[in-house]
Amino acid sequence: MFLRNTWYVACTPDEIESKPLGRMICGERMVIYRGADGKVAALEDFCPHRGAQLSLGFLRDGQLVCGYHGLTMGPDGKCAAMPGQRVGGIPAIRTYRTIERYGFIWVWPGDQDQADPARLHHLEWAESPEWAYGGGLYHVNCDYRLMIDNLMDLTHETYVHATSIGQPEIEEAAPVTKVNGDEVVTSRYMQNIMPPPFWATALRGNGLADNVKCDRWQVCRFTAPSHVLIDVGVAHAGHGGYDAPAGYKAGSIVVDFITPESETSIWYFWGMARNFAPHDEALTAKIREGQGKIFAEDLSVLEAQQRNLSANPGRRIMSLNIDAGGVQSRKVLDRLIEKERQGSVDQTNSATAHIK
Amino acid sequence: MFLRNTWYVACTPDEIESKPLGRMICGERMVIYRGADGKVAALEDFCPHRGAQLSLGFLRDGQLVCGYHGLTMGPDGKCAAMPGQRVGGIPAIRTYRTIERYGFIWVWPGDQDQADPARLHHLEWAESPEWAYGGGLYHVNCDYRLMIDNLMDLTHETYVHATSIGQPEIEEAAPVTKVNGDEVVTSRYMQNIMPPPFWATALRGNGLADNVKCDRWQVCRFTAPSHVLIDVGVAHAGHGGYDAPAGYKAGSIVVDFITPESETSIWYFWGMARNFAPHDEALTAKIREGQGKIFAEDLSVLEAQQRNLSANPGRRIMSLNIDAGGVQSRKVLDRLIEKERQGSVDQTNSATAHIK
Amino acid sequence: MFLRNTWYVACTPDEIESKPLGRMICGERMVIYRGADGKVAALEDFCPHRGAQLSLGFLRDGQLVCGYHGLTMGPDGKCAAMPGQRVGGIPAIRTYRTIERYGFIWVWPGDQDQADPARLHHLEWAESPEWAYGGGLYHVNCDYRLMIDNLMDLTHETYVHATSIGQPEIEEAAPVTKVNGDEVVTSRYMQNIMPPPFWATALRGNGLADNVKCDRWQVCRFTAPSHVLIDVGVAHAGHGGYDAPAGYKAGSIVVDFITPESETSIWYFWGMARNFAPHDEALTAKIREGQGKIFAEDLSVLEAQQRNLSANPGRRIMSLNIDAGGVQSRKVLDRLIEKERQGSVDQTNSATAHIK
């Protein structure tokens, strides 16, 4: 159960550098490639001739060619040419609108008439030279909402990530959750604690002492349907915490774009954006490596949770105080999905009315 | 179709030495661990908070802690504590009674009110200093009754274990099957034959000549629902066979505890108990290694048989003379399973009557 | 949906040289072996005793012995002997008629009463000393008809086999399809073109210049239900093409025997028969190796196509001009399968009438 009329991250540009990419998003099997004009196209991964997988084909002068019998497909889903064959009668395949922005390719899997570029979130850190970004991609066999729950309740850090970013003080600081329209914010502030290993490294990376008491913050922002951006960081204690001057802190934004593949699997684009030492590429690589290891720890937990839930379909799970962020995020999702469903019913009724 | 109100071997103590163990028994996913008081607990492997797999968690001072958000679970299935959280409203999860005895952890997967320690079989060899035991565990993808059939008809040794314990004389000696209540005994005696390689080794291990004619015996005892203990051995011919004095024979008990995992898979605890040279640990290791290799030969046969039967669900299989042990064992099982089903119906009716 | 009353290639003699072979054909699990009299037998791969897989057994003096309890099976499907057991009451298992001819074992999976050796295709190249043959076997997860489509439309060579036998001129020459009863022939002739790498090698192998313009031909012959034999070759241009004298050409027959395993998987016996240099075994090996690599290129294409079609069950695929060979072949198949179905209904009715 996912929202379809929205922009999801489909892939990163490097994934379509040399050949077409096959990827399922919201149950739709797509082939994604960069066309002759440099624009990224996404089509059904199904050759209209005999059903071959177009993503096994190749690009010739920026045109997608089926690897089986050589149909050349246009970015409009129509067969543009085929050797020795008239192609007018070949039915077009489905196309998906895409946007390339912020270092990602975004796709709209739902009703293409509603695909509005203005509805893409603005990501300031992705366009500013004062910020650096590094990240990666994991495939995880779980419902995308389990990942949202995970990210909106960082209590789990103490257990799942005990050796890097976890520390007992996290669970001693109660989180506060607020809902602003379609956005949910869960904040947690810890005062006067020692920085855990990951943050000690970050302090050193920013030229700061790592063996002093700090204030730490985690501000998780869910934006429907599946983005979680988390302000995280530490500041030397007593300088204002989150609001401390740059010279006293190391902070960053944990970036999580969660793209449903199916009801029980996701493409998880994770990364970190930081606004200190933005040109230090070695630091970017080091942070990326560390984050990759930490985020991999969640995979086995979430996949086992999904197996347990799938094996116990009727079973109720609990929502405690710490789950407020996930609970509110799911409420926003439920409301938007119901609205989308209703809109699609209205459209059908309206279409029927026209016919009559 | 298995009996649920009975004691099954769940695991051996070494399997829960350092961390909780996740294991499915009779379709129930359990987490098994040794608690603070040294007693073994078995709970549903499902965290009552969000459904995480508790067996991926850890033990802190003998208490099971969920690896996701740190719920501390009591052996009574109730959440004992959680950082920053009141836990009174968290529903308890299912618990399973366990017994640790004879070198095994036993679990009762059915109605916990009926779990009666007195119903655990007495295993004399497991408590006597005159006996040594070595064994192992195999996971096999077959109905547990196919393994019972296998063990109650050792004719297969000649074919499946031709190079170790098989010999043509086995199939020439007709087995005799007797039923005593819930126990089935199939006996086979061979006179004046050469010992096959495994038994030649055992004779030497007991300081006896291995190149002389012997009498050999196999007495298979099925005890419902899934134990098969087999008296096996050889004695120098003419000294009384099974009843020969200790100085003329090498004998042992093949131990088979067959625990259903699902309808078509089992946890197979196999081993050998012997009452000669009980302190010779090198001999124990050697026998264990030999037995492990021999018993592994059954796996591919049984898994292929299961695949064949699953692919031909309506198909009748034959029961010949040699199958009497398995046939009678299945009759006992059917009777007990029907009785258990009936008892559970009675309970439901009685409960309904009370409500009225 | 396959024809059952027909001869399919089951295996090659080398596959049953030392032990019985288990193979599923048209959904029937068979054990195939060479009996005492040298004749090949095919039985259900299901021991009538307890359902063990007979192909895990062994041969003793040309008799199939079950590896579990030693039942000796006759080629008539009856249990011939069993140690210490009367076997008269053991039901016979199904048998399948076989023919060994042309270097293959052929089996008739359908109604055994209709199994007529005269209905086996005559393959002249397989019996003549003027021809040499080399080939192999691939297992492919696709409907057998996708492989027929593939072979009846060689346009795909330009894309799938671009570096060996593909060349743009193929798709420029329109194919012509004719139907003769149950046979479909699709022909394609190319004039005055350079030979692609595979054919350049073949010309050299036949002692001919490889750097001159040639005429090339592809004559695909489908014979129901699943043989595609393709006359292929090149001749130095201007000498008559397909009809050129032997001294000017290199030609061969691509041999494709497609045996359905299930609705979506096949045993694909491929090879090449040639009538030049028939005793040059090194050349046979070289061609076989080259063909094996080329034909392996089809596997991923066909398996991806099958996945796409299975994921879109209701979806129509197109038939273009180039598909005429496959389209006509499927029409022949549909007609024969319907006739077989009708015949089996008639038989049932007739049997019912007799009973009345």
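Every chain is named by a letter (A, B and C) in the order it is written, and numbering of its residues begins at 1.
Keep this in mind: a contact is a pair of C-beta atoms (placed from the backbone, for glycine too) under 8 Å apart; a residue touches a chain by one contact, two chains touch by 3 or more.
Being a predicted model, the structure only gives us computed values, none of them experimental.
Interface chain A/chain B: under half of the residue numbers present appear on both copies, so the contact uses mostly different residues.
Between the two copies, chain A and chain C, the C-alpha superposition involves a rotation of 120 degrees in steps of 5.
A separation of 48 Å divides the Cα centre of chain A from that of chain B.
Annotation for chain C: no residues touch two or more other chains. On chain B, the positions that touch chain C within their shared complex are 149, 153, 155-156, 158-160, 168, 171-174, 300-301, 304-305, 307-309, 311-312, 315, 317-318, 320-323. Residue ranges on chain A touching chain C, taken from their complex, read 29, 45-46, 48-53, 56-57, 65-70, 82-85, 89-91.
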